[in-house]
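The data blocks that follow each hold one structure.
Each of the two complexes below includes subunit A, the first together with subunit B, the second together with subunit C.
Up next is the complex of A and B:
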């Protein structure tokens, strides 16, 4: 009897503790009740981490995904958005090429709403060696990539923006993939399968018991409080920042940060991906993505301690423009919206500490075998295209280590938003011109796939446009704020494209800020507005001339002049 | 075509200079490509709000703190003050009511509820001096579904000043139909509809939600073409009613532009709307002979004197290319650096060097070309280099006073 009372009281205490715990974390947790112990804690919510969380959760592991900022805040959100056919690697790296084409075909199935099957061209410019073309085609075919030489005139008909002076052209099954959508869909699915997700939580320490990692010590951004989450296994999916996470366990991973810079043009210059048919070099891929086109990339080694301060230099911008114009001459007079750069987490193989033989392949370390540290896996290297395969490898290893037998199903089951839709019923009435969805609803469907059905367009005001450039409505904004872990305008931009268009937030940021204020309060929302404007400026500054500078000047007059906006105490622009 | 004076640029400075010259019976043509910075103006004009790191109560007192190449320094504090004091009459004659004096800056509300400080403010808006605004209990009224007005930010801002605030939203039949198209609920469209009977409906709705409030705030979306509509609304609403600027485009800015243009036309001026200057033809002695425009083709605009009032980078009176800053029409000397790394500060909210870029002039506002002054050409407004209008809060002040100054120089020469 006494024991029972004691037990009840303990339950009560635990409940109170949990309540307090929730109350302290409600902003970030979005009603997530955390477990005290998980099977796996995955660190880093880029595509790889989100994919690993999805895979682990689908295999029945109790999974927590932890991210220090927002989904896609690292390299995932700063790449080309190219659905590689693998052709680019065919000549130099057969293994990567094969992985790419296999994953390419899988993503077309499981991530329909994140993928645009644009097709791709590999073109030979007069200054390039046409002899390379046959080497290239042979290598593609050997890797299983459907590469066909076509008449340059035919290529010009397929893609009118391509340089008319090309001497050769090859078609490949390239496409475009939206990394923001892809990652979000993986997170959503992980949650549907029971995973918990914490954004804006930093791993301060790994909890160790002897040589065994037993969990993570977390700190919510902006708070000093630490709390522990225990787990049977920790998966390090921190990308380039994974180096630091491994170091917390006393493990050294030889990472070589490689910076890649890209330019975003103000509209879709091309509808087909255009590559240079030569050995991979700077600025030789032009990718269409939603409303814009992207040229990239450069590639330069950067010191590890610089990975958090990646500014695009004048020289990089000049190279990208000069080379880009060769592929598509229209780039010379197309407005550049912004410049950005990401850091590839390249890893040197273990037997080569000098880093001379750097792999772009997938690296999956079991640190028990490699470093005698039990309970930790690092998944790194690779690329956006192979995120699912990386996740599969990491989850396979996790299951093996935890003694769980469950097969990977991520290649078969579609992501939320990409499910097959039931075929529309035959109309009983002959109304030939019923418009089923408004343009804005179609835009939302393009971004969220079948999940857009959850967006509530029932009230008059729901269809009002918040972001004119990208046609983001009040309803979609509300949906993202309530359902997709949005804490600030940068998050909102990644979920909806709000502020990504030609005005770069000059017009829409204020409106969206007022909507965020309803959830987060006026002071927080206004400080965030200032941070967002500063974040937009970061990308505009390297290309600050012509119309882009006019836009920035306009933005300055509106926000500083007319509105009197000043930066708040905390700057969230780096997030 | 031959004029006494041809002005390139039909924004604030071009119109003010043109009006002053037309009043002095000069035959003037203004070439305007259409939209100007005035269309985005919030309804308040700054003369000088900050200088030498200080916030100024009296704008004229700060002029000596400005760098010597600043347009105000070139005119001198006394002349700047005299031109500033002449401005309200010129606007009043155009039908634009302005509150404020050059002796002291006043305060007003920004769209986000922040306090801004200015020299002149259009009659639509609430202005005050000192710490607190002259009301205790207000209601902030918005139109349902209008996203460019921020009642909750305003309520916070006013609340911090000790004003009790309520917010309310109203539905006006005439405005409701804008919602059929998702991008139409914008200031310009609303203003076009809020006239006649719709205004009466609005007044009724405002009175319904007004309660005990001593003041009503509404978005600045009344009266595209004249102040009359707002005056009517004010007569129908029981308590003092003020507008608060919305995010662009600005209805009050547009109105100011329209009324100034109308006034210029009344005085006999020629306003070439939708045309743009494409080339300047020079005499052998380096003076300007004529301006070629896009629409008039080989019918050049000849004049004795020319005013360059094409605005700054925002209006493309100054152009930034990847590695060059230039003045596109005359190829004038610019105060700028071509090194792009030195155009910007990484912090958006810090002083941005590019905002000071503009043409170089001598003391009499003759722009320099290849180092020597172009004697029959004058520069006015944002095209002038050496000022930092955003940080100084001096944009409109520079546009107005330099325009009046060069008009004076032309009239007296």
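Up next is the complex of A and C:
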């Protein structure tokens, strides 16, 4: 045994040596040193792509993650942020339910700083059939989900915002997960394991040699120049856009673009996830996410060519409010910050017009077997909850195809930021060396977990707030700009929550823009600022009444009036 | 079904559009950078506290509860209430003995008043002051107002019977200061009202309005007092449901009108519209011709009016000023409305003394430059602060009125 271990270690040393040797064969690009050839190129930096990059890199594959815009720019950043217990699928889709509860338990362990274990309720309204409850509980238990019926009065004590008229309630281990943090942590870990990452690079073509995909032809956003990256394998993790990537290889994947709209409320209405105990339908989940609450979703099929310009319609807002206030009456009068929508990358299997009964199951295609195109894998379907399992399946397939034997460890090893913290030393003196974190530092810790230790709060000015609603300090902004692949305000928002609060960027955008200008220059920062403000307005417009409208006017007054930005002349296409 | 017709949230915190005007008007922020400011401490902080009470910032204890942020807010957010409510709800540290003593004005007044000559002598000794600072944390610069050997309520007894003879009636909430420290002000009001043909009734078993208890987080006790006061007030009004309930302290009036329903959740709707500051009420009575005042021809004074924070919040300073301007011998010099820094018991605390004086510094400077004979002010704690810090005499407008009034002529005019 000892000898065997020694042997393994030698192999590792050889591998490292080889890597080093090959590392000389590199090209430099925007301060990123790229290899000319990788084992895998992963297209798309949503949760699945980032997770796959992490998994591949941890297994020792030379990995490149390519993203057209920013991390989480697609469906990953446009969902509920619900840490599903799987209960929602228990009755209709046992397989997904089981996957969910298993991943749920794994994420609580490996992604502590991205997860909030709020618990969840499935409530029965007077208009719903209480008989469904027992079917539901049985299905949950069969899937391994700890579902328990409780007295409605007890449910009201647990979560006072719930409709007092409920006739039944079941507790399930739901929670909230922050998809931005989760994806960023996966990217950070992939990089720590040697992966390279390119954001704002578009795949223009797949390089093919006969029936074999041999790499990608990339173009940096805003530039015309093309360059090639060769790889032994390409993994398509492009979500709904994976359809188009597959098409470049002449492969048809029958995607089913199902749009889902959501509303963000100004503060936490609830502290426990509230679901409606019925067959999945519109607006039946209310999730507390960080400082806000989210109601969603709707589901409607959209044409494939419309997925790049999703707007929330008035009908969708009406449905969300009308149904949402049935489970939590306070939604009828709570300020709505914005509306947004995402497109589920489901793989169509029948002619279901709503898209709801399509399996949320994982689809992992080896196109060699399916379409006789070697060197390409597509990973799709699934959901945010099962991103890690999807990554595992894709990486398993990649290893098989590349002849690499390495086990998946992503379920055991915590993500950067979620490591166990050493227990605080026993206090020898009472009070004397308790270091109290400021509330701003506490907020940063909530967002970055143990990595918040890397944020430098040494200067007095570091604790100054850039974003006041979400308590993002100058120090955290600097940290994100320097360490978390930030090119613009939207990136910064996704890494820190800057601009996600009540004022939707009115106060913080110009401050953060000034900080970005130090790295990117005034002209770039100014154009970016204008497009950020437009992007904020896009989400406010469908709910533009009451204080949200006042807020938008205030914002316009600041940016048009005080800052002198011209309206309607900026390009938002890169968002 | 109607929905989203309006956005309602507790204390309107979601009405906040983050314009930050409140932060500009916060008297504390410019002298204490450790304080997060009203927007941060109030509506911004509330979102985080709703997420997790661990986000309660202990720096909220520095809030003066002056409510100038609420006056400044264009969106009607009850910022001060949000902050006070957060302190009450999330600050779990034990209330200090000193804070209990400062807040229990009834208890302290009764004890100190019983031994008035001794207490007054002792409280003025340097060694006692230093002892209070070392042991309790009451700043040694402060001098407690002298206690009266007999309370106002006791002194009023001899006048009570005569009150029924007047054609009109008013209920008077004298408050702790008039009762235990300065009965002269209460007596001035009774004389003025009597001359105007108005009889005065007190509230049976009146207790402290609770302003100090709220500021020191003794809310349960304050709530019990509040319930009692409202009930007793209704009893005192009796059949005269439209009679005014008058105050000579702006903080008492403000607390009972606004803090009872907002912070203590005590329903005062039955009497809320009756409550009025005595000076403000009198000014309006004179203006509508219901009361006539005749002044001594020889009375002349140079007077300025200091707007206490709570009268600023009530919006009644204008009436007090109009009352003063009725007095022909008064040369009125206006001064900008600014916080004097005392904020009730706040300035008495050792840790707040420097802050308290820094807040008031600009006002003191302006008052010294105006150099009036007397500063008129509807708040007693402002009076102590300004007198201590500038040496200029401060009087309630009612006392100034009493000094200027020709009582006999007034009584004749109102007969």
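Methods note: the second predicted complex is superposed on the first by the 523 of 575 C-alpha atoms of A that agree within 3 Å, B and C clash if a C-alpha of one lies under 4 Å from a C-alpha of the other, contacts with A are read in each partner's own complex, and residues count from 1 in each chain.
Everything below uses one rule, namely that a contact is a pair of C-beta atoms (placed from the backbone, for glycine too) under 8 Å apart; a residue touches a chain by one contact, two chains touch by 3 or more.
Bear in mind that the values here come from a model prediction, so they are computed numbers and not experimental data.
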item	value
Touched partner set for A:550, first subunit B, second subunit C, both or neither	both
Which superposed partner A:167 touches (first subunit B, second subunit C, both, neither)	neither
First, second, both or neither for A:98, with subunit B first and subunit C second	neither
Which superposed partner A:135 touches (first subunit B, second subunit C, both, neither)	neither
Dominant toucher of subunit A (residue count), subunit B or subunit C	B
First (subunit B), second (subunit C), both or neither touched by A:334	second
Touching partner for A:514 - first (subunit B), second (subunit C), both, neither	first
First, second, both or neither for A:450, with subunit B first and subunit C second	neither
Partner chain(s) touched by A:290 [first = subunit B, second = subunit C, both, neither]	second
Contacts of A:502 with subunit B and subunit C, given as first, second, both or neither	second
Touching both subunit C and subunit B, counted on subunit A across the two superposed complexes	321, 438-439, 465, 468, 507, 545-546, 550, 554
Subunit A - residues contacting subunit B, complex	311, 314, 317-318, 321, 438-440, 460-461, 463-466, 468, 473-474, 507, 510-511, 514, 517-518, 522-523, 526, 530, 533-534, 536-538, 541, 544-546, 549-550, 553-558, 560-567
Subunit A to subunit C touching residues, read off their complex	266-268, 271, 288, 290-291, 321-322, 325, 331-336, 438-439, 442-443, 465, 468-469, 471, 501-503, 506-507, 545-547, 550-551, 554
For the subunit C and subunit A complex, residues of the former touching the latter	1-9, 13-20, 36, 39-40, 43-48, 50-51, 54-55, 57, 75
Of all residues in subunit B, those that touch subunit A in their complex	37, 40, 42, 110-112, 114-116, 144-145, 147-148, 150, 152-153, 156, 179, 182-183, 185, 245, 247-248, 312-314, 316, 319-322, 340-341, 343-344, 346-349, 352, 354-355, 390, 393, 395
